[in-house]
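Have a look at these structures, which come just after this line.
Paired with chain B in one complex and with chain C in the other, chain A is shared by the two complexes that follow.
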Partner chain A sequence: MVDWQLVKEYFPDIAAKFPITLKMVIISISLGLLLGFIQAIIRINKVPVLNQLALVQISYIRCTPVITQLYVIYFGVPIILSNFGFDVGGINKEFYAILAYTLNQAVFLGENIRSSLQAVPKGQFDAGRSVGMTEAQTLLSIVTPQALYISLPMLGTFLVALFQGTALAYLVGVTDMMGKVKLLGAKTGHTLEGYIVCAIIFAVISIILEQVFRVLNNKLDFANKKAKTDDNTVLRAAGGNA
Partner chain B sequence: MKTLRNTLAFISAAALLAASFTACGSSENSSSEAPSSSSESTVPESSSEAPKESEEESPVDEPEDTGSGDKRVVKIGIGKAYNPFCFLDDNEEPSGYDYETLKAIEPLLADKYDFEFYPDEFANILIGLDTNLYDVAVHHYGWTAERAEKYLYAEEGTMYFGNFVIGYDPSIDTLTDDPESAAGLTIATSKGSMAETLLTNYNDEHPDAQITVEYYEDAEVLASGIKSGLYDGFCASVYDLYVFNSKYGDLLVPSEFTLTSDEYNCGTYFIYSIGDDELKNDIDAAVVQIREDGTLKELSEKWLGGDYTINPNA
Partner chain C sequence: MFSIKFFLLCLKAAITHIPQNLIMTGLVLVICVILGTGIALIRAYRVPVVCYIFDFLMAICKVLPANLVLLIVFVIFNDNFKRVAKALNLSITIRDVNKMYVAVAALVICCISGISELIRSGIMSVPKGQYEAGYSVGMTKSQTFFGIIVPQAVRNIIPPLTSTILSLLKTTALVSVIGIEDIMTAAVGEASITYAFLEAYVAAALVFWVLGLVFEVISGLVERRYKKMA
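And then the complex of A and B:
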């Protein structure tokens, strides 16, 4: 049923589209982090108007599937832009996909960052203020690094989910890995082999990403490391005394 | 945190104010440009008006986008995975019968139009007409009453694919020349396709002899489904059935009855937004020209393996 020779033949063509997937993931997660951080600050400070707008956005993104968000952006943005006099014809389809994924990630990352920021003890903020730092300095230099550390495990999960979620971008005309499978399928009449190649690539990269985040988490696990050091110190001290 | 909150509130107020000014400005622009934007999707009163207005409309465009002189840029949404009609080749450039037909037409209309091609998924192309993303939808579209209500069909077909039949597994021996003998069969079709419309119509007209309609995503899934017995067959034009059998090894035979009659319009057409009659008429005239000079026949023989440019039901 499966033509393994075709799997071999498809592999280089489909793998060559990996940079497009990577580009969508990197840009979406980076912009999503930035927007998510802004959303978290707005939510924590309950900034008038923006807080309400953020709530609407959160509600919309949480309650709708990514595929509908993709279509709303793909068909809605050209209407809005053309009303502002932009020629939307030349816009690369990747733009729409990246915009949809960015807005999606911003909401989920934003809520994650918000809970992480709120998990940092308030005393840390007061400490920063007490040594003469401004609110922004305290937030960026003292509170945020701790919050990012807290949110790191979830960031890894979001990244892997986003990476896999980009497989839908072909629906708005992006020729990424899945898009290439469709093109090869149209040419040869065999798509199953292309899906197998995609499954292999997605699985391998997802496992690598998970491992990277696992290592990162272990490296940054300061609290437990300190505890271990303390134990060793105690043991050494105990041994020394004996 | 109060200072930070106040700063953010101030920034947001300023941003909203700026946005509202921009929106007001643009609404003034759009109201003054309303005739031009409608002239893009509908027919301009005179052909010389549209390009001038489109230039005003997009001040930030590169020169190629507005075309040279008074030319109108025609955005063509075309399929990217429908071999041999419209698909992306190995270099991911548009190719196929529909594409080359338009390329043959392009020089004939070069004084008036610049064609720009935007390969897209089948499901997105007609919606692209609704949202002004495209001016012409090209995906080897057959004629359906539902589409004709919503869009403007070309008058000139570029290919005639023959009547629609049910391609069925030859092990099924209950099918006769009576359409009602298809009752109880599970027939596959794709969403939004011509075949889906015909099957739906059939079920409406034969309440006591219903066909079970199932949907497939691509031809390979269909072939697997037929082999496994998931589907008894699929509804297709005579031409599509021939292509399917040549790819997957003569899995199906055509039914003796057809789902379309001899009066049936079995052509494939370019589709436009309602009101864009001038563009439609110009392209129609060019299609007639390339049909008469033999170009269309050559393209049909090159891509489809025979001359499908003559309407068998005419």
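And then the complex of A and C:
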């Protein structure tokens, strides 16, 4: 049924496309974190208009499948760009995939960051202000590090999910691992072997990522317990998420 | 440019296919809950040997992208159907099979680990003292399990399970990668005549959005109801 010889033959070809997947994941999660942070600030401070826009965006991203978001961006963005006189033909297909994943991640990460920021006791903020730090300084150097600490376990889950989600990027013409399988399949007529190679790569990398984050969480949790912080809220939030 | 006329055509086609996605979601949910409960029980009570097999299988199911599983299951099905049908002396051809069931089988593989894990944590969250309490008043093992543990576990499981339904619905959108009729393929099918792809995908997104909102409201209601009971 499965030609394992072919699996071996395909492996180097498909694995060579792994950096493209990696690139999409890293760019999307970094930009997503940035946008998510902005979204969280908007939501916490209830900035008029922007807050409502964020709510609509959150609802849209949450309720629609990634595959439709991907296609809407792939077909919609060129029309918008060409209206402004951009040359759409020269844009790499990866751009659309990264844009779609970034917007998707921004919402989920943003909601996560928001709840983490709110989990940091309010006293921490007041403490920063009381020693004469500005609001921005307090937020960035006192509240955010603690919030990141709380949201780390979820970050791992999101990263793995995003990594698996990028398996859809080939649908908009990105030649990543799945796209390569399609090309190989068109040439040789065997796609199953290619898919199995992809499955192996996705499984192995996902498991490695999961383990890395598990070790990281245990380490941080251990440090937290050892330090015996008086702040029970932080402790509970960190432990509860792990 | 965005054409309202084509958009409405696609929207109509998409709306008529809503039942297809709902049926798939429902089937996947029911099968996942039934199989997932079995797997969860085996893993929660550490049945020797079998539990390790399921630990492994669940870990594998969790790390595979859903569309990849769909593609693999579909290719295997297409390649082997004839041979299996012949071996079983069935006189049906591959055309007689509704491909939706193949997709449902694949989606079950994608979703079962999440649902089973949810049920397992629901069972595990019942404190050990509850078992001891049951035994101490002279109940048998099965009486304790069904009379004391199950009711408490179900209360823990229902709220997260309702919010899983939305993600199941979203996962069913992936069946379009293997060309099965659903909301998205219907909308795009309408567009392939006019090349109005943006309109088609916006229509599909809109239908999913509305469906998703309905599911969110329902799961919110369920969650609130169960919080009140607790």
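Assume the second predicted complex is superposed on the first by the 222 of 242 C-alpha atoms of A that agree within 3 Å, B and C clash if a C-alpha of one lies under 4 Å from a C-alpha of the other, contacts with A are read in each partner's own complex, and residues count from 1 in each chain.
Here is the rule we use: contacts are C-beta pairs under 8 Å (C-beta built on N, C-alpha and C of every residue); 3 or more make two chains touch, one makes a residue touch a chain.
These figures come from a predicted structure and were not determined experimentally.
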Room on chain A for both chain B and chain C (clash or fit): clash
Contacts for A:L171 in the overlay, against chain B (first) and chain C (second): which applies, first, second, both or neither? both
Look at A:L103 in the shared chain and tell me whether it touches chain B only, chain C only, both, or neither; answer first, second, both or neither. neither
Looking at A:F75 after the superposition, I want to know if it touches chain B, chain C, both of them or none. Which is it: first, second, both, neither? both
Between chain B (first) and chain C (second), which does A:I20 come into contact with in this model arrangement: first, second, both, or neither? neither
Is A:K46 touching the first partner chain B, the second partner chain C, both, or neither of them? first
Per the contact definition in the header, classify A:G85: touching chain B only (first), chain C only (second), both, or neither. first
Between chain B and chain C, whom does A:I67 touch in the aligned arrangement: first, second, both, or neither? second
After lining up the shared chain so the two structures overlap, which partner does A:L192 touch, if you call chain B first and chain C second: first, second, both or neither? both
Between chain B (first) and chain C (second), which does A:V120 come into contact with in this model arrangement: first, second, both, or neither? neither
Could you figure out whether chain B or chain C reaches more residues of chain A? B
Taking the options 93-101, 165-173 or 219-227, which segment of chain B carries the C-alpha atoms that clash with chain C in the overlay? 219-227
Shared contact residues on chain A for chain B and chain C? 1, 75-76, 79, 171, 191-192
Which residues of chain C touch chain A once you look at their complex with the stated criterion? 1-2, 59-60, 62-69, 71-72, 75-76, 79-80, 166, 170-171, 173-174, 176-177, 184, 197-198, 201-202, 204-205, 208-209, 211-213, 215-216
Any idea which chain A residues touch chain C in the complex? 1, 59-60, 62-69, 71-72, 75-76, 79, 160, 164-165, 167-168, 171, 178, 191-192, 195-196, 198-199, 202-203, 206-207, 210
Residue ranges of chain A touching chain B (in the complex, touch as defined): 1, 41-42, 44-50, 74-76, 78-79, 82-90, 93, 125, 134-136, 139, 170-173, 175, 182-183, 185-187, 189-192
Per the touch rule above, chain B residues touching chain A in the complex are 1, 3-5, 8-9, 12-13, 16, 22, 26, 29-30, 33, 37, 57-62, 65, 73, 75, 80-83, 87-88, 92, 116, 118-121, 123-124, 127-128, 130-133, 218-221, 223-224, 247-248
